[in-house]
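A short write-up of the structure that comes next.
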Amino acid sequence: MHTLNELIELALKEDIGSGDITTDATVSPDTDGTGDVIAKDDFILAGLDVARNVFTCLDPQVFFSTTFKDGAIVKTGQIVFSVQGKLCAILKAERTSLNFIQRLSGIATLTRTYVDRLKESNVRIVDTRKTTPGWRVLEKYAVKIGGGSNHRTGLFDGVLIKDNHISACGGIRTAVDRARKRIHHLVKIEVEVTDMAELAEALSAGADVIMLDNMTRDQIRKAVKKINSRALVEVSGGVNLDNLAQLAETGVDFISVGALTHSAKSVDMSMKIRNH
Amino acid sequence: MHTLNELIELALKEDIGSGDITTDATVSPDTDGTGDVIAKDDFILAGLDVARNVFTCLDPQVFFSTTFKDGAIVKTGQIVFSVQGKLCAILKAERTSLNFIQRLSGIATLTRTYVDRLKESNVRIVDTRKTTPGWRVLEKYAVKIGGGSNHRTGLFDGVLIKDNHISACGGIRTAVDRARKRIHHLVKIEVEVTDMAELAEALSAGADVIMLDNMTRDQIRKAVKKINSRALVEVSGGVNLDNLAQLAETGVDFISVGALTHSAKSVDMSMKIRNH
Amino acid sequence: MHTLNELIELALKEDIGSGDITTDATVSPDTDGTGDVIAKDDFILAGLDVARNVFTCLDPQVFFSTTFKDGAIVKTGQIVFSVQGKLCAILKAERTSLNFIQRLSGIATLTRTYVDRLKESNVRIVDTRKTTPGWRVLEKYAVKIGGGSNHRTGLFDGVLIKDNHISACGGIRTAVDRARKRIHHLVKIEVEVTDMAELAEALSAGADVIMLDNMTRDQIRKAVKKINSRALVEVSGGVNLDNLAQLAETGVDFISVGALTHSAKSVDMSMKIRNH
Amino acid sequence: MHTLNELIELALKEDIGSGDITTDATVSPDTDGTGDVIAKDDFILAGLDVARNVFTCLDPQVFFSTTFKDGAIVKTGQIVFSVQGKLCAILKAERTSLNFIQRLSGIATLTRTYVDRLKESNVRIVDTRKTTPGWRVLEKYAVKIGGGSNHRTGLFDGVLIKDNHISACGGIRTAVDRARKRIHHLVKIEVEVTDMAELAEALSAGADVIMLDNMTRDQIRKAVKKINSRALVEVSGGVNLDNLAQLAETGVDFISVGALTHSAKSVDMSMKIRNH
Amino acid sequence: MHTLNELIELALKEDIGSGDITTDATVSPDTDGTGDVIAKDDFILAGLDVARNVFTCLDPQVFFSTTFKDGAIVKTGQIVFSVQGKLCAILKAERTSLNFIQRLSGIATLTRTYVDRLKESNVRIVDTRKTTPGWRVLEKYAVKIGGGSNHRTGLFDGVLIKDNHISACGGIRTAVDRARKRIHHLVKIEVEVTDMAELAEALSAGADVIMLDNMTRDQIRKAVKKINSRALVEVSGGVNLDNLAQLAETGVDFISVGALTHSAKSVDMSMKIRNH
Amino acid sequence: MHTLNELIELALKEDIGSGDITTDATVSPDTDGTGDVIAKDDFILAGLDVARNVFTCLDPQVFFSTTFKDGAIVKTGQIVFSVQGKLCAILKAERTSLNFIQRLSGIATLTRTYVDRLKESNVRIVDTRKTTPGWRVLEKYAVKIGGGSNHRTGLFDGVLIKDNHISACGGIRTAVDRARKRIHHLVKIEVEVTDMAELAEALSAGADVIMLDNMTRDQIRKAVKKINSRALVEVSGGVNLDNLAQLAETGVDFISVGALTHSAKSVDMSMKIRNH
């Protein structure tokens, strides 16, 4: 929550800097008004809280109201939210607020598209660490709102042993043993494997979760059979909307999709002011 | 530059938090290594400086090298840059560094696509304030690297009088007069107009730049003729790769494109470690 | 606004540090009181907002009241403002609050003296970047309150090409061309010139504003004639209250005066407490 | 020291903001150069360290050199200091650096004028808390460089019981007793008195230092006699260059002068660049 | 006060980080509740304010109530304080709040034990600078609450010349003279001495306070006699509960005890939630 | 790492504040020297890095050397570490540096005492969240150095469902189910139980780790038998050096001990300066 405030302050500073010279010159500081934010797309809404925080960070007297909750389907032309208060504050915060909610709603909307492809299945779509720097918590929240699940938050709350770690310490077993010894007892260990030999080693080392990296569907199926519920199974790499359903049928538990956060487009909204 | 450091620190904190438990458990703090970042796409490169800063922010001893400069065309399979130093630092900074450069290169690459459509023309593609909060300066830099031009940086270094300002103060002339009186003498005044009547008023009020908002090509042509070089002309709204060339032929000076920053996808790269 | 808060916090910290040991030892934390700030000089008032913010930053419960607005003429003996609340908070913030408003009122008062000399004229008195580090926005605000106009805020919102830039890039034309190409289209270009040859080059390069640096009145008159409304004209250097009116008669648009901010004296006020 | 860095960063941010658009457009980032700062006045120099820090804060590679030390007398036309390095960094930091050293040298120079009037005497000129907010430590340093002495740094490192404290707690004796009981044993207690009755009470309460506030010279002389070395004596209020010598002859130990910091003018310097 | 907020934020961040995943998963954000903090020990209470601030820093709507004041004796089983509000906020702040108040109460309780040994005497127990880094002001406050007195807050508000300073500048007299000349006139000078020769030099140099370091009781008695009220006397080193009373009988003014802050144990409390 | 720097800066600021007036007055800024830190106790050393960082944070030129590593046994009289450089910097950082390393070594030393009691056993001693606010990472590090293991770092990297959570959401099963659904797949779930009924429910809900809270040894033995390796087992509450060995014999995996961090005493060291 603290980190979010830092990002909001950074964002307001970079936009307003030494002052909004247009608004300060043309709008009287005493003028009240209402801004209605209108959807220009159909989308899954995410980010109402941060959108509100941007306004209240600039002026705690701005009153924010909405008929929606995060996760709602919004249709073109609907009013997403309204803000009421000093027009100067509303106009200064407008762009920054919209930049936040448009991006987060874009992520939620894209995630929903992925999740909808797996309706019949228990497989979970999970995000990755390929998020916009500074936005980790926000973007992971948007993924959840879109129906996806989160992977670990960062490097601190889950062990994921990758090829580079393995080569650096001389083998999967060594890596897993070292991790087991040094991490606390509420964290699980995931190991990334690329073939059946590595898989065998990871299983015998006692990995809690196996990540099958860039494998073909056939390899995945074989791997799932071999694992046989001794560990959770995650698929990673080369996932897209076209092969998603087929990947899900292989019996894995999780499919991770970097595109949810690194390639989502912003949805479109715009604010219309009513003077009082 | 200071703001960038704040963003990098925010980004490293959100990813590393209380520690990279995988690397700390599996890789000795004394192990040296080299990481090569390899292109998995063709793209226009942007963000080498920030990519390097992420590593040196974590460990000033990491040595960064590259054969490219920002703006270069990178082909799939080429080494974008290499980092050499303590493996622990390299592994901790890897994801954050790549998250920066992949997004910035994505923006530069998309911008280049737009710019290439206007090769024969003097019309400039310009960005907007629809940037990722916290990333304003970075994303505007990437637009420039891609061959685009920048619009004002934020609310502080240019006057852009929009519909909401006009209705708040009672008319275009009043708005322009107030701005002229209150701003310092090195800033120009741009006015957004949506029809010929507003255009006439803006011109007579002495606007330095006219923004034609969401007009048809016919309207734009008529407006350009009317303006007759008394002001610079910018087109905004509804721009895409398909109508870009035709818009450029109307005689305007600038075409602003929000998509450059709000809808670019990250390009793909990955790091491969060589132990020493 | 944010930057102002940083300065206020810095100022309160440097004065209060680990605690106001006198007040904490002698005044009970429950004692209420009112402090009246009394003018010991005649002056133009500037800085009521920041004076209030210092108190409310320390204790949001302090109630601030005044019969004046910034820009008012205050006479010796009048009550500038009053604060009511916990005496401890009032005593701790008193000196810092007064240090702000006394200095800002000093700048407004000095500016008014300059402006009054030009009553009959349309020439504008403008400030410079010779402000107290940390105080840029505050001091420029005080200049405005005193009837002056602002020059650019800083290096970011206006191009001013000076002798050092010209010599570094090989000539006025090159400098102007480079600037025109790289800056966005809402910023104007000002060029500093010291003789008629430079003036000719600046005009032909298309400078929007010309700064005549340290010229004699005769030179200035000649330059104004030569410029002939093709650019705005600013005079800089060697300006004082004695030659101001004569400079204004030369036909220039702006006269910039560093002394407004770098050599203003604080006006005198003091606080008197009434216990409740 | 930390606080100083905060002020320097604040100052650089307020001037450079999103970038020095003139320098970035006209000067190549690779160009080296030397800037010589030349005195345009005679003055006592103060602030070399902070002037250097401004440059190195922006670019640690800038090399700073000078033949002077703080406290030196600098004559018009002399080179105060030189900086060598990337021209871009030098031009961006120039104004902020000069704004610091010009103001501090102004304070040192004014202080020296006061101190010189007391050459024959042992009386010390001391400063007050009427300093520029954010600049406390810097300005007190400049006073010392000018030959003055410092009073307490802030509210935290000395007890000064004033009229408002006395009325709030019901009398001088109560105030002194409470302070004695609550402060630690390395801090002295000063009491402000305005007449002989208060003086008597302060002495009998055991004040370590007596401040004679706004008394006539006759009253001061009487007070000094009465105190008879049982406490140190400070005179405050209504001090100026004209009555300074006479005040010193009354036998007091300290004369405090708010004007040293709240009404000093900046001295004049300017930077001249030599390209390499 | 500001510094305390920084420490509270640091503490909440280190505990909550990217989120309290247990509470967020199991407790609805709308659930209200009351938490009663119950004493599991007998102790002197210290730190109610900071305990409350931790909760309100996280959620200003949490209502804090208590029947105690700092300094009260709390018995096992009593309710120390209660907090009422959103259960989520209460659960997230609980541990941090208790960690503060348990440690501060531990210090107050230990201090009281020392102070109680000196009931009949006027000698004051004072703390040292051997405090927990980041906690200086808090721990010195707890010492006061326990009945002890504070020594100087830090290096800035009192001169204490120790062996290392003396050897660095060549003797006690030189050290005292230099200090007298450079410090302001509201700070006293204390000198640490280890034998009678040093004591003689310190006295003749005019030290305001003498610290007898690691002397035997006989030496102390002799020193006190020699000092003969010309300076305050502090004993330091080797103090414990067993020799405290005897040290007090030597006639010294202050006995400083590092253990008050560097070796106090936390007292025990725990929170019990009542759902609404 | 970043958080540590914040704590070090906080600590230096609270001690040095506006300046070390003793050192600045008595020691020339040019004087070099060496400080040897000597052990006055036998202890397990922990905190060399932070001790060094305090010095280099103040002056990067201070050279730090030691013959020990964290975890070493240090004997009374040995030199723990030495610092060489400007005497002023060394004297200013001395107390803060020692305050850190003395406390951390105290924790490591106390932890070792606990660990030594379990030499023959595989049971791990783990710490708790009862750490000094601001010191979480440091103190957990010291526990590790002393031979203990860490529990979760904070609320963010492990699920621990306690009585308050259970009552808030209506039962152990609901709590575990909700957690399982909302947390990511690399975090384990621990449930605190106080009797056999709760234990049965936690096991059937699929808890990964069971915390037996304040049970008798008999109950613990029964619980371990019932759990039968289906979950890891942690004992908490009422642990001390006397019952530790017996608790270990019950077959549990972890024993958590709050005293390691909330009740450790600092070990004793002091610095002796050699001038150069």
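Residue numbering begins at 1 within each chain, and the chains themselves are lettered A, B, C, D, E and F in the order written.
Note that a residue touches a chain if its C-beta (ideal position, glycine included) is under 8 Å from a C-beta of that chain, and two chains touch if they have at least 3 such contacts.
In this text, all values refer to a predicted model and were calculated from it rather than measured experimentally.
Asker: Among all the other chains, which ones are in touch with both chain C and chain F?
Answerer: A, B, D, E
Asker: Treat each pair of touching chains as one step and give the shortest count from chain A to chain D.
Answerer: So the least number of steps between the two chains is 1.
Asker: Taking contacts as defined above, which has more of them, A-B or A-E?
Answerer: A-B
Asker: Can you spot which of A-F, A-D or C-F is a repeat of the B-C interface, where more than half the contact pairs line up?
Answerer: A-F
Asker: Averaging each chain's C-alpha atoms to get its centre, pick out the one most distant from chain F.
Answerer: So the farthest one, by centre of C-alpha atoms, is C.
Asker: Just give me the whole-number Å value for how far the CA centre of chain D lies from that of chain F.
Answerer: Inter-chain centre distance comes to 45 Å.
Asker: So which bits of chain F are touching at least two other chains?
Answerer: Counting only residues that touch two or more other chains, chain F contributes 13-14, 17-19, 136-137, 153-154, 156-160, 187.
Asker: Can you list the residues on chain B that touch chain F in the complex?
Answerer: The contact residues of chain B facing chain F are 9, 12-13, 17-19.
Asker: Could you pull out which chain E residues touch chain C in their complex?
Answerer: Counting only chain E, the residues touching chain C are 2, 136-137, 153-154, 156-157.
Asker: Please name which positions on chain C make contact with chain D in the complex.
Answerer: 3, 6-8, 10-11, 13-28, 31, 33, 87, 91-92, 95-96, 98-100, 102-103, 129-137, 153-162, 164-169, 174-175, 178-179, 181-183, 187, 259, 262-263, 265-266, 271-273, 275
Asker: Touching residues of chain F toward chain A in the complex: what are they?
Answerer: Per the touch definition, chain F meets chain A at residues 126, 149-153, 156-160, 184-190, 208-209, 232, 234, 253-254.
Asker: Under the stated contact criterion, what part of chain F meets chain C in this complex?
Answerer: 14, 17-18
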